[in-house]
Structures are given as structure tokens and as C-alpha cells.
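Attaching a single structure in C-alpha cells format; questions to follow.
Should a chain be cited, it is by its letter among A, B and C, assigned in written order, with residues numbered from 1 in that chain.
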């Protein structure tokens, strides 16, 4: 069995944002030399997501608006979690909808993707340094 | 290590629908001859889901109604993504709630399932051909 | 390859509750003697979740309130699934938001976690015995 473990770092300048990390992950699959296996990509922070969807800015705008409707940031006092001094309770909720992790098949040494699949880092409580874990296993 | 990679195809006649694919996946686990391992099943399209829940038609009706409340299809102009000429922005949102993929343990050559677990393909933008990836790894 | 398969049992005394199972999973990773690999943890029942988030009671209160807003338990007659004699349709919906499973990397024989990541069992239809599956694979 072959393994690769890598950590990506992000520091999003705004509270929220989406970053396309497909090329980063593709390059790590090549580096791993795994031909058949699985690739796990997960946020290591609990107010961020890794998800697969479309690389289309209008859709990202729609996600932002929709998540804010389902789990509004303000008023921050509506959340007990924010009594701890944080103001990021909404980010913990948004991340549950968008998900912590993805698992992608590796076939013939490549991410085995459909035509529109792209991997995104989703930040819901930015302006600080955060990491994403990439773990590749296979042969 | 043993590997199996297979693709299932779907063409749902309506915009939305759920298809029980448990037997398809079970048969592929048998075909793989993997006794201990993991089975990844994921939608390869970003307006569809693979999820595990109950094989009960009333519940599927409830999911349909609930998802339509959380992410309504109409009016289509409420979504920026639909400015691209698409009318499926809601499908991209619904799929985030229901999920892209499942990972199931294989034990003694079988899907290691609880009493009610069944695997479903969830279509949110049908009337076109779409695929699901099945990747089995183990020994 | 090494494998470990274990089942955890829960019987939550209330309808809903969250249980921190991080130590249980850590101990199983040690027991497996896997140094590099993946750890799958999933609910085996379809009205329960396994998820990763913060070990903070205020946040758990926020999740409880938020999920009840997104998928209210009452009136039970609003759900067709409850025509079967069940009253747990809302639990099937809540579980889709919180997720069925997590996949965690194992690096150097340990769960490869960010600073705040903790694993929780989420019960949405308790007062009965339920199980969680832990499957570890690697080397």
C-alpha cells in the first residue's frame, strides 16, 4: 500500500469564501503515485467545509445567500455558543450543511470525476489560518 | 489489495426522483471478492445525490416536500446561477443537504449494514443521463 | 493490510441527544495497530448521525434548536412517513443535515485531527438501542 499525507493552509481575508482546490488535490494524487485507491480531503477546522460542486460564481453567490437564510450570522446573541465570546455559531451550522469532507476515487492514477465535479474549500469564519488534510491510500 | 471500479447510469424521466440501488451495490461487492474493505458510492453529477435512508415511499414524499421548502425550484430567477441559462440552481442546493457520497464498510464480503439501511440515488435535475461511481477497495 | 471492525451501542434516554465518542474511536485506532489508513465511523440506524464538530454545550443547544426549526417534530401528521404509525419522520430529515458518517485519516497511529475536532453520536429518535460501526483499514 502507498500513502500520502499533506496539509493545505488557507487564510481567507473575509468572513466567508469559496476556493477551488481541485488542482492542488490533482497534483497530490500524481505525487502519491497511487493508481487505484481513495483520496480523503477534509477541513481540519469545524467552521469550514470541503465539498464538491460547480465552479460557477453565480452558484457560489446563491450558496452564500441560501446558507445565510438557513443559518443567519446576526443577531449573534440568538446563539448560545456565542455566549462563550465567539461570534461564529452560524459558521458551525453552515458547515454541517456543506459538509466536512469528501472521499474521491482514484482510477488510473487520477481523480475519477464526472464532467463538472470540482473540489472547494468553504470558509465560514475566516480572517485566520486554517488547514485542510489530504490523505491518499491505495496502490 | 483488490479493487473494483464500476459506473451505474440513470436517466430519470421526471425532474426529481429516488431510486433504490442497494442490490446493485451488493452485487458489485460480491463481484469484487473483497472480504474486508470500504465501498465508496458517489454521484458523478453535481445536481444528484447518493444517500442512505429508509425504503419507505411516505418518507420519500416527505423528503421531496421538505427539500422544496428549503431550496425551492421556482421562481428560477431568484438564483444567480440560473442567469447562465440553467434552471437547476435549486438542484445544486438540494444535493448539498442530501450529500454527494456514502462510504460503507465491507465485512465478511458483504455491506455491513444496520437493519433499515438502504442506498438511494437522488435525482434533482433529471431528464438526462447521469452516472454513479462505485469504488471498492480492500482484501 | 490491517482491519478492525467494532460496533458501539447506545441507548439515549431522551428523544434527542449528542454523545462525545472521540475517546472510544481513539482507543479503537490504538487497538487496530494501524499506523497509516482510514477510519470510517457511521450510524447504523437511519434516524441517527455521526458528525465532527465542537465539544461545547452551548453549540449543541444551538444545533438542537436549529434542527427543530428546519425539520420540526410536531405536528407529526405533517409527514406522510408518520402515517405508518411512526412519529419519527423529522428524525430522518435531521439526520440528513448532520450526516450519516465520517471518514478520518489515521497518521502515525492516531486520528489526524485539527485542534477542535471531536466526534459525536447524534440521536434524533432515542429511547431504544442503536449501534455505530467503526471500520479501520490501513497498514
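Simple rule for what comes next: a residue touches a chain if its C-beta (ideal position, glycine included) is under 8 Å from a C-beta of that chain, and two chains touch if they have at least 3 such contacts.
The structure displayed is predicted, hence computed values, not measured ones.
Student: Nearest 5 degrees is plenty: how much rotation brings the CA atoms of chain A onto those of chain C?
Tutor: In short, 120 degrees.
Student: Chain B and chain A are one sequence twice: same or different residues at the contact, by the over-half rule?
Tutor: different
Student: Taking each chain's centre as the mean position of its Cα atoms, how many Å separate chain A from chain B?
Tutor: 20
Student: In chain C, which residues are in touch with two or more of the other chains?
Tutor: 1, 38, 70, 97, 99, 103
Student: Per the contact definition, I'd like the list of chain A residues that touch chain C in the complex.
Tutor: These residues of chain A touch chain C: 1, 3, 5, 38, 40, 42-46, 70-71, 79-84, 89, 92-93, 95-97, 99-101, 103, 131, 133, 135, 137.
Student: In the complex of these two chains, what residues of chain A are touching chain B?
Tutor: 1, 36-38, 51-54, 56-59, 61-63, 66, 70, 97-99, 102-105, 107, 112-117, 137-139
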